[in-house]
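Data block below; observations after.
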Amino acid sequence: MTPRVGVITFPGSLDDKDAARAVRLAGGESVSLWHADADLHSVDAVVLPGGFSYGDYLRCGAIAKFAPVMGKLVDAANGGLPVLGICNGFQVLTESHLLPGALTRNDHLHFICRDQKLRIENNSSMWTSDFEVGQEILIPLKNGEGGYVADEVTLDELEGEGRVIARYLELNPNGSRRDIAGITNERGNVVGIMPHPEHAVEKLTGPTTDGLGFFTSLLSSLVNNGKISA
Amino acid sequence: MSIDTVSDATSSPKTAQPFAELGLKKDEYESIREILGRRPTSSELAMYSVMWSEHCSYKSSKVHLRQFGTKVPKNDSMLVGIGENAGVVDIGQGWAVTFKVESHNHPSYVEPYQGAATGIGGIVRDIISMGARPVAVMDPLRFGDPENPDTRRVLTGIVSGIGGYGNCLGLPNIGGEIVFDASYQGNPLVNALCVGTMKHEDIHLAKASGVGNAVILYGARTGGDGIGGVSVLASETFDADGPAKRPSVQVGDPFMEKLLIECTLEVLHAGLVEGIQDLGGAGISCATSELASNGEGGMHVWLDRVLLRDSTLSPEEILMSESQERMCAVVEPGKIDAFMAVCKKWDVEAVVIGEVNNSGRLTVEWHGQEIVNVPPRSVAHDGPVYERPYARPDWMDVRQSSGPDNLVRPKSAAEVKQTWLTMTGTPNLASKSWVTSQYDRYVMGNTVLAQPEDSGMIRVDEKTGLGIAVSTDCNARFAALDPYKGAQLALAESYRNVAVTGAKPLAVTNCLNFGSPEDSAVMWQFEQAVTGLADACLEMGTPVTGGNVSFYNQTGEVAIHPTPVIGVLGVIQDVDRRTPMAWQRDGEIVYVLGATRDELAGSEWAHAIHDHLGGLPPVLDLNAEMTLAEILVAGSRDGLFTAAHDVSEGGIAQSLAEMAMRSGVGARLEVPAGIDAFTFLWSESATRAVVVVSQDCYEKFVALCDAKKFPVTKIGVVDALSKSIELAGVFGESISLDIEELRTISEETLPRLFG
Amino acid sequence: MAIVVVDVALKPEILDPQGRAIVGALGRVGLEGVSDVRQGKQFVLNIDGDVDEAKLAQINEIAATLLSNPVIEDFTVQVRP
Amino acid sequence: MAIVVVDVALKPEILDPQGRAIVGALGRVGLEGVSDVRQGKQFVLNIDGDVDEAKLAQINEIAATLLSNPVIEDFTVQVRP
């Protein structure tokens, strides 16, 4: 059976179609989920896409966390549902306290769009299992508020538990503490990442196809967990 | 609040009216009285004044723009021509494309961030109102002297505004221009282009047909923004000591615009809409009078139903308000509920403000009182037309006769190398990535090429690979030397930039930025540029599908260089076949296509090194330009090229440097026989490109050029092991340019100035 | 050392899209009766030494040119005791 | 009608790049002695009717969850007379 991966569209979501395309290219079935619909339609996983939900007014992701679908999502994520938040989706996950810390204005104060080199630091999360630890990948990054911050205790805890899933290499594009590009929760089912794997899934339109690994990882993890038969 | 009704206007014909303050001339005011057979009400006066402004009525440019309609090339791909919100072109497989550029120059000087942001917002609404989904934006920009401190304020604000709005809207920015010249110091140019795609059956037009149909205003609420912005801002010149008038500026809400895009496309696809119009300059006045005069010719509006952000607005102000992010739709009565449901889904407010009728009049009431009763065409289409005097100014003789021949040129290998390094870092030639990295080029996942490539390229159909390429160009220094030729050179450059990527040029849009039309020299530049462009489009077979005119771009008495920005749209059958700009593979052969003559008038070298502007612009042979494009397109289709890059500002030196910096790979090259190294490197002769051909293909390629009798010169090979450009034959010696050194020079200029 | 606070707000007639979005969000989280929200900026400046008349005039000048754009914004300057 | 002002500022230990950029700019325009600038947000809420204890508690709650992010920001709530 093909895994069904939900992609939530908030008003102002922009990379939802791209996330759905990435899911399909990885071999999954994409299911559109609507912010105002408090129902996850029995999907096997959820992607919170990039964009400017609610215009990013107030604070990125702050208004989205009160959307009807988020109540369901928080419960499901706490129950083990795999969730990937990309960029704005990562911001929604921190605002919803599914992941620790916060994302703040880039230290250079500009929006930045560039091809970013990352090192994968953890391949035990459900979204990174197809990578090697230490593997270097190149995927697009585009954000205005991507600086990851958390207090020292939290940062030490993330490091200690191996919950940093990817780090910026060569250039820290936004002032993130300890070059953090992405993190996971303790259980490894909820992952937030600032750069955009869904924009590196086709040679024609991306700098590489390195981003596909996040989506194929999910499919492998679902099979391994017995959620989906191979 | 006292309301001036139609019956008041009839009964008090002598009341003095502030037509002059609203920008109307005495005779224009008299002709309004003649049309109406009475004095206008204050609301009518407001409507006429905005609609008859230069910006909305094209009163100074109309007589010349007609050439785009009379000199139309045979081209089967035109589906909708000039006159609609934007032209529409057939690109095959049932797909159509619409694209257009617009200016937002004056607002962007007053409030750079919001001025530029709302410029993007406005052009995007033009595209949605044709029924298309916007798929990309571009931003041709012009700024003053980069070292002037005000340029920093203007540039950083404008760039953040374009990024802030476009990024939030989810439209990839796929190209544009950044040019510095002191002539833009008090008057930067912010032109914004949007391109949209749709299926043929989805094309929609702005007309109010069907008696009894409802007129629905939806989107943002109406506030006091930019009241009088159109008539005052767009037609007043800026004095040396600042703007003469500071009307309130419009503030953009890109989030609302994103909702408006999704909501509009949903109602259009559901078949709920008969006619549609965006609200831009002149707001409700424009939308209602245009919709009415393009349909059966009658409409009634209940103006008090308009949802307001500020309840104290007067009816005149509501009619003139330029609040952003609003649209107007004509909907059959039976479909209103369905229309409203879609609006509700997207959290977009909507209200029925009028009804189509066959009265032949546009009537507006305010709480039961009639305040407007006019023939809609007289407002929307029958504005004044001026035959402004124009004459070639005498100073053109001086300008054209003081050519660059006496400028000191580098004469040794060492001087050539130094010149090359200096030129790489001039603000006009330096890398623009400090700016363009503030723009999202990836969103939507269909960007095949974006800056710094020669054109932006978008995949239109994921299954077949059908795609489009768009470029905008203008070398205003050429236009200053000869506006007729300058406009043609701009077209040729844009055409070439499209062809270089492998796309076949199909259609043209333009944004004509000029000084005051009341100056006969400026008017002459305008007439020449339009004529040059129309003649060239006719010859090249690429129709002008739309465009925009911006006058009064000057500081005090001094006009900007005439700046006819030309956008060309091309189609490519399979985006997989595109030609990128950078060489990569070892041993491949580097050729220059086209002839290099000693042409340095108006060049970046003359400007940057000698601050010189004089002489005659490069010779242009339109037929040769078309042949070059045929070779570039055929070569891409047949897989002959692995890279191609056009030659324009900065000459061949700049093209070679850009190709090397893009890939980091070097080359071993030689100045061809019969030309000196300086002319070869920095002449800006038109109709040239650098192409790279694999060892397997070069015979076929040379045969192709021979068959087309097009000049081609081999200049060397790619050297994948080298990290530098080696150039032999430089005044008897060889020079070597380290790519990393070039890159550092190129990359550090903009951050140094504006970072 | 003195602390000077500069509050910058959009002029009342200028659209405040953020404020509008917040009104919507407040409704959704159950705060009733909020008719309007305006979002402004607050700059807190730490200044060495005293803030005398001349310095205050200079700060006012800077608030009007650098910290705000008078075309769309109003500002107030306050010296905190 | 009542006006409630919520000021939100980054916690002192969180880097404020905007404030830092302003310190630089102030130096360039000739304002000497500014050792630090912090940029915060100010929300001005127009509320119909009275703001009683219960309402104020609700507003404080919303300031802590919606208007600010306690991970990085502090806030104050003030009812304007």
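Lettered A, B, C and D in written order, each chain numbered from 1.
By definition in this document, a residue touches a chain if its C-beta (ideal position, glycine included) is under 8 Å from a C-beta of that chain, and two chains touch if they have at least 3 such contacts.
Since the structure is predicted, the reported quantities are computational estimates derived from the model, not experimental observations.
When the C-beta contacts at A-D and at A-C are tallied, the pair with the greater total is A-D. Using the average of C-alpha coordinates as each chain's centre, D ends up farthest from chain B. With each centre defined as the average position of its C-alpha atoms, the distance from chain C to chain D rounds to 10 Å. Taking each chain's centre as the average of its CA atoms, chain A and chain D sit 30 Å apart.
If each chain is reduced to the centroid of its CA atoms, chain B and chain D end up 41 Å from each other. The centroid of the Cα atoms in chain A and the matching centroid in chain C are 35 Å apart.
Looking at chain A, residues 54-55, 57-58, 62-63, 66 sit in touch with two or more other chains. Within chain B, contacts with two or more other chains are made by residues 253, 255-256, 347. Among all residues of chain C, those that touch two or more other chains are 17, 21-22, 24-25, 29, 39.
Which chains touch which is summed up as A-B, A-C, A-D, B-C, C-D.
Across the interface of their complex, chain D is touched by residues 1, 7, 9, 19, 22, 25-26, 29-31, 33-49, 58-59, 62, 65-67 of chain C. For chain A in complex with chain D, the touching residues are 58-59, 62-63, 66, 94-95, 100-102, 104-109, 147, 149-151, 175. Interface of chain B with chain C (complex): residues 110-111, 114, 220, 223-225, 246, 248-253, 255-256, 309-310, 323-324, 347.
Against chain B, the residues of chain C that register as touching in their complex are 10-11, 13-17, 20-21, 24, 69, 71-72.
Residues 54-55, 57-58, 62-63, 66 of chain A touch chain C in their complex.
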